[in-house]
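The structures come next, written out as structure tokens.
Each of the two complexes below includes chain A, the first together with chain B, the second together with chain C.
The block that comes next holds the complex of A and B.
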């Protein structure tokens, strides 16, 4: 009797395997397809030199000590960031009283050297680094789907 | 002069297309097995990927979903250095996988492709095939012993335990097919099936036991115990590099292929039915045999995505309690069918 129930269980397992043999892939083929991230995503930081009041709050709140204040030629303190340390917590953008620091949805930047990831104030103020793709990617948005778990829609 | 060249050309061609050369070397032997190897390993990875909602091999030849991945892997194995560690038994270390690879091919020699096309048409060809299949585990033991590595040793030990337990059900279930069709000759067995119907319908018990033993003995999941990747690296082939490792990776698939051919001959009606374009040349019915064997191979590699791995004690219990008993029952079943035939 045990043998028969065993056989039924094995057939059920194989049936489950066969059921999933229809391709319904959840993986994103990254460089060809790129996920468009939602607003409020904490990616790379944008720094506005004009709005900055040189208060150093960002450097004090930074839990990873990624932000460091540099004294410029005009004797004023300005933040510079080291992305090798940054944990993208967004505290600096939250605490900034004038909104000189804000987060963007950019996240997929690759560097050749570790030193390239250190941004002194002048480089930090120039703008956010842009990702480079081998060919023009197709942007998609990920959505939660009841049946499938995840679903991707084209932008 | 011209006559001589013509004569040599014709005899050479005849020799190449004679069953004794063509069958072991081209189809269904070496070349067919190699192309099947390339397709099957890709298929295994792809099926597992699809069931786990992944892509699997993709970037080498994107248009064919990465079908050339194994060609690339093989080239890499071919050009990477073969490192022979100081502590190994050098002669056995180098020769054993090569001999093992050759011996896993050998059963194909006695498996006929059609009624008139067999390299060796012997009265006891089934027994020869079974005997050649049992050489596999002893050479795997030599491989594992020669490596002088604890993972290889454990893998070889596991293979030894498993081979003792699967060989008896394998032979008994194959013999119950022989009893059923009253012959040890594989060609006669297929001829009988063409007249009576496929063996799997007459003795489903033996067919199931043989199928489980195929999966068991070629270390497919859930019996992938001898080369359990997450426990003992890759079992007996842990110390191997380069093309010797490539051989080691392919060996279990080649064994799976040769056993599937034997399964198709014993239980799935072999090369029958021979329909119109296939009766033009004696080698063409082999295509049907090949397709049947390929279905068995594809099913066995599909199981990777279904099952986890058994512990060795669980696998041994299954072999000695269930497979052994079922194999004996299938033998009695075959005798029962024979008795009914004689009485009725």
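The block that comes next holds the complex of A and C.
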């Protein structure tokens, strides 16, 4: 390991750095740009009141005790979810025998109050909360790219 | 540690620079004479919580301590549960597990390399490694539907089949990583600054590594070709041809090189697995036939499975089992005791960082304080994993 090899290695390192001087951003400027997640992503859950057969399997499998069964006016059990506890493992949707619970690709929801994150069956059945962006975002899809690692295509 | 003439220095417990732990260093000038890693700041009683949960509910729980290598943590537990239940997953599921475990290993190594780089002051290495880790997270998200907490494996198989675009995406990622490795070589590996900081520092001899029970890449960097994937093949490793990355030097630099070599080896393993993967079911016959036909119809063509209702009531017969896998940081062992109830009677979960703690403690004394971050980073010690 002479001085010369050291110098060459230093220059090689600097040269490699220079190669990447032109910014090729791997990160995403959220919320101006929002990633559209692929089908099958385990995000917020959709609950369909009509399909539910009141079997309680979702509440029994939930590892975080986020889902709780509520007894409604018709004496039937229906699930409600507490998103402060949910870990988005998707077990509930996978064990649901009728597809009453399904995962959606929505994941970026902000709440003002903790209590807002508790969804009793009636609120849960009303639909999935929608994210709010300051202005209309540009939706993109992430893909692996040989040159840059990840690239983002507009939808 | 309060004798005259020595200085007691506390590193941490604030997160930057020390991780989730406190390190007490006794200094004579700038030479470390004694070192006590004060662990336990992120102890979360994982083993005790596991006794209060159903077998299936422990899957996400055991991923959490080893969050940057959750694919392998998941696999270790599932192998133990399957031994108790006496279920054999179908071959396709075994291959899918192998792919998941290797992707997870690559992500874990890139994480470790990034942390080592930032600890020796190379921000570039940190940004590069964490940026490239994102690609493998993207691939694992394609497979499992989550970025970090995959919960991909379940007793008897896996939750999802390979998505259609996965092969193409992985081929691109492998090409990118191989090309990128040449740049890594120039900017980090052969960079004279890195070499000056790491070469000959923190030398762990072969004898000491064995005596202190070192595991994983740290052991292999000291010349011991020990890898659970070879010693006791699990998943589909038996059918796959790969080499164990070994180096003789045992210093911080060797540990860095072993990690890079293993990333390259993992790419080869995944390529082979994608080539050899057989067609067929992804869930064991035993559970497959318990799924209700109408539930099966719902996921037809999506490559996903529905859980059979038995999953909330898995009652393995009485018994004790032991399983181990080679994770990115080293060997994960799970010891599971069942008393016939739906919850484990006892779960012992030994993580690689916990086992490397002794090495960490014994390796530091005798070095200069300036070498401390280099040794700490090179061991890829992960406090949440060690504390559990």
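Keep this in mind: the second predicted complex is superposed on the first by the 154 of 155 C-alpha atoms of A that agree within 3 Å, B and C clash if a C-alpha of one lies under 4 Å from a C-alpha of the other, contacts with A are read in each partner's own complex, and residues count from 1 in each chain.
We adopt the following convention: contacts are C-beta pairs under 8 Å (C-beta built on N, C-alpha and C of every residue); 3 or more make two chains touch, one makes a residue touch a chain.
Keep in mind that this is a model prediction, so the values were computed, not measured.
Asks: Quick one: is A:23 in contact with chain B, with chain C, with both, or with neither? Answer first, second, both or neither.
Replies: The answer is first: A:23 touches chain B but not chain C.
Asks: Which partner chains sit in contact with A:3 here, chain B, chain C, both or neither? Use first/second/both/neither.
Replies: first
Asks: Examine A:126 and indicate which partner it touches, taking first as chain B and second as chain C; both and neither are also allowed.
Replies: After superposition on chain A, A:126 lies in contact with neither partner.
Asks: By residue count, is chain A touched more by chain B or by chain C?
Replies: Touched residues of chain A are more numerous for C.
Asks: So, A:13: does it touch chain B (first), chain C (second), both, or neither?
Replies: both
Asks: In the overlay, answer first, second, both or neither for which of chain B and chain C A:71 touches.
Replies: So A:71 meets neither chain B nor chain C here.
Asks: Indicate the residue numbers of chain A shared between its chain B interface and its chain C interface, in ascending order.
Replies: 13, 16-17, 20, 26
Asks: What does chain B use to touch chain A in their complex?
Replies: Touching chain A from chain B are residues 47, 50-51, 53-55, 58, 302-303, 305-307, 322.
Asks: Would you tell me which residues of chain A are touching chain B in their complex?
Replies: Those residues of chain A that touch chain B are 3, 13-14, 16-17, 20-27, 29.
Asks: Applying the document's contact rule, which stretches of chain A touch chain C when the two form their complex?
Replies: Residues 6, 9-10, 12-13, 15-17, 19-20, 26, 38, 40-42, 55, 57, 60-64, 87-91, 94-99, 103, 142-147, 149-150 of chain A touch chain C in their complex.
Asks: Could you pull out which chain C residues touch chain A in their complex?
Replies: Where chain C meets chain A, its residues are 53-54, 56-61, 124, 131-132, 134-135, 138-139, 141-142, 144-146, 149, 151, 159-160, 163, 169-170, 172-173, 175-176, 179-180, 183, 186-187, 190-192, 292, 294-295, 298, 302, 304-307, 309, 311-312.
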